[in-house]
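Listed next: structures, encoded as structure tokens.
Both complexes below contain chain A, partnered by chain B and then by chain C.
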Partner chain A sequence: MAAAEVDRVTPMFWGLFSAGGFVVAFLLPVFIFMNSLAYGLHVVPWEKVEYGGALRWIRGDPATALLGSTLGWLGGWLPKLFLVLIIGGGLFHGLHRFKYVLYDVGLHRAKKVLDPILYGIAAAGTVAAVVLAFSFP
Partner chain B sequence: MAVETVRKPYVRQRSAWWWTKNPRYVLFQFRELSSVFVVLYAFLVLWQLWALRGGSDAYYAFLVMWYSRPMMALNAVILAFAILHSVTWFALTAKVPLFRIKGRPPPAALVIGASLAIWVALSLLIVKLLYGGF
Partner chain C sequence: MADRGTKMIKLRISRYRPERSGEPFDQEFTIPYRDDMVVLDALNYIKDHIDPTLTYRWSCRMGICGSCGANVDGTPKLTCALYLRDLKKRPVLIEPLANFAVLKDLVVDIEPFMEKLEAAKPYIIRKDERPIERGEYRQTPEELELYRQQSLCINCMLCYSACPVYGHDEKFLGPAASALALRYELDSRDQGSEERLAAVATEHGIWQCTFVGECSVVCPKHVDPAGAIQQLKALAATRLMKAMLLPLAPR
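Right, the complex of A and B next:
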């Protein structure tokens, strides 16, 4: 094998794993709480989670109101960017880690099949997140 | 193809439950398992966005499922694993010295403490900024 042959693919996925790890660590718990549990625990009212409330959330109304007239335009971007970061980061981080779980239980022989499938799912999910999130006004 | 060899290496037998023998290994396996829940939640949110795009009837049907007791329980489990991920992630990033203080890597306790403080502050900021408070 030529000495010049450098593996540039593996470090890239480790980089995404690491970046996703930070995103998931800092952003995911608060999102799960607000998105899945807060209403059930009577922390937020129904108006915030029902259809209209969800649309207002993804439109960035609270952020726009808080940021004022100079930074208000950012408000509409924040929830969508937040969703893409969490979904994309979570998928690239989680599936990379899950890959090594599968290697550990003996699937390291199936590397050539497993890697494209797992990273393919992560990439497709991230694209879906971008398309869906930015399809809202 | 690999070259055929005549040697017959000894492969030590290992139980599938080897990790239950030591609390450190249990924590390791649970941390690794958190990845499954993170991925699951990413897909649940994609499903939620899909339902939201489907209009008010589709989204109400989604919410009935979302706030049912089994789903609340599953989401609580996902949150527990997400918190386990956060705490273990801060603990492991503390082992990678990104900067030095007087030529020495910062003490792990300082890095973990700072990460936890940033985590809490950022979470509160998100509640305020994206959700307009409680």
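Right, the complex of A and C next:
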């Protein structure tokens, strides 16, 4: 076989798919559990959870920061970054898998069209997540 | 030839005899069989007793030579390791391995596969070649264990027959050749990683794999080529990112 060029583009998106896979597999289930079932199962005392407290934490109120007063400024960034990771990672992972599904049912010839559309959706969703998260509250 | 009470089995075999006609056709054979017979025994019975023109590859009869692969009831199998008693459908359908050009009956053209194996640079590449007097490049059992799984491949090509990506595109490097590349990547004696990874991390190389995983399902030696390709992808991706983020760092 003739020597072919090393593919430098695919690995980038595969890296996002791979990192997104980690996020989806490990962080998303915990996130969903902690925000739903955890209350019902009394893992988190629901009486003590209140919207105002969560809002203060997201805003980076040093008094509520988990990291102590010196790193308190990070308090507001961490939950936002976390949301962006969950949404962006999930999108890049899920759409990459969906792309493979489409390839396997015979759309592999449409690679040049499919790739920009699907990764475009993932990128747009990630940008939207950044804008929404960091414009909040 | 068959005693009363002997169990009979019907097989439908895909035939192709280019010297007679350009069209492949199916031919049915009904033969006596015992529970300890494998599909290859049935093929040998037909060749010995019914039709000596039936053509197929085989050698060792014990799942190590990798030559007797065929699609049995639509699934790529080593015919020497598949018992007739385990096949439920009648007639048993025996076809040549899918995704390969058929030369005659069940014999397929292995030339494209050989080229792919070669493209993966399946040999130890040394930057500093030691003179022969200094002996072998030694290895601990732990170092051997790292690539033992990939080294068990017998080149039977069942994985290529099962791979839908290879079915789409004959240029795809494919499962066995990729697993072979990883086998040398993981070998402590090898120093040719850069060269070999560059050869396989191409558009029609490992990056074309969509991780269907059928190759690992049909592999008779549990080489797990699908897993090997994902390991190569991770290796190639991290190396590329390292090169971009830390251009001066040693790789």
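Here, the second predicted complex is superposed on the first by the 100 of 137 C-alpha atoms of A that agree within 3 Å, B and C clash if a C-alpha of one lies under 4 Å from a C-alpha of the other, contacts with A are read in each partner's own complex, and residues count from 1 in each chain.
Rule of thumb we're sticking to: a contact is a pair of C-beta atoms (placed from the backbone, for glycine too) under 8 Å apart; a residue touches a chain by one contact, two chains touch by 3 or more.
Because the structure is a prediction, the values reported are computed rather than measured.
Touch criterion met: A:His93 reaches chain B, while chain C stays clear of it.
After overlaying the two complexes on the shared chain, residue contacts for A:Asn35 are found with chain B alone; chain C is out of touch. In the overlay built on the shared chain, the residue A:Leu132 is in contact with chain B alone; chain C does not reach it.
When the shared chain is aligned, chain B comes close enough to touch A:Pro79, but chain C does not. Residue contacts after overlaying the shared chain place A:His108 against chain C, while chain B stays out of touching range. Of the two partner chains, chain C is the only one touched by A:Asp7; chain B is not. Contact with chain B, but none with chain C, is seen for A:Val44 once the two complexes are overlaid on the shared chain. Comparing chain B with chain C, the partner in contact with more residues of chain A is B. Legend: residue contacts after superposition of the two complexes on their common chain; A:Phe26 is shown touching chain B, with no touch to chain C. Of the two partner chains placed around the shared chain by superposition, chain C is the only one that A:Gly15 touches, whereas chain B remains out of contact.
The intersection of chain A residues touching chain B with those touching chain C, taken from the two complexes, comprises 100. Those residues of chain A lying in contact with chain C across their complex are 1, 3-8, 10-12, 14-15, 18, 100, 103-104, 106, 108. Every residue of chain C that touches chain A in the complex is listed here, in rising order: 115-116, 118-119, 164-165, 168-169, 171, 198-199, 201-205, 207, 210-212, 233-234, 236-237, 240-241. Every residue of chain B that touches chain A in the complex is listed here, in rising order: 16, 32-33, 35-36, 38-39, 41-43, 45-46, 48-50, 52-53, 56, 59-60, 63, 66-67, 71-72, 75-76, 78-79, 82-83, 85-86, 89-90, 93, 115, 118-119, 122-123, 126-132, 134.
Residues 21-22, 24-40, 43-44, 48-51, 54-55, 57-58, 60-63, 65-66, 78-79, 82-83, 86-87, 90-91, 93-98, 100-101, 105, 125, 128-129, 132-133, 135-136 of chain A are the ones touching chain B in the complex.
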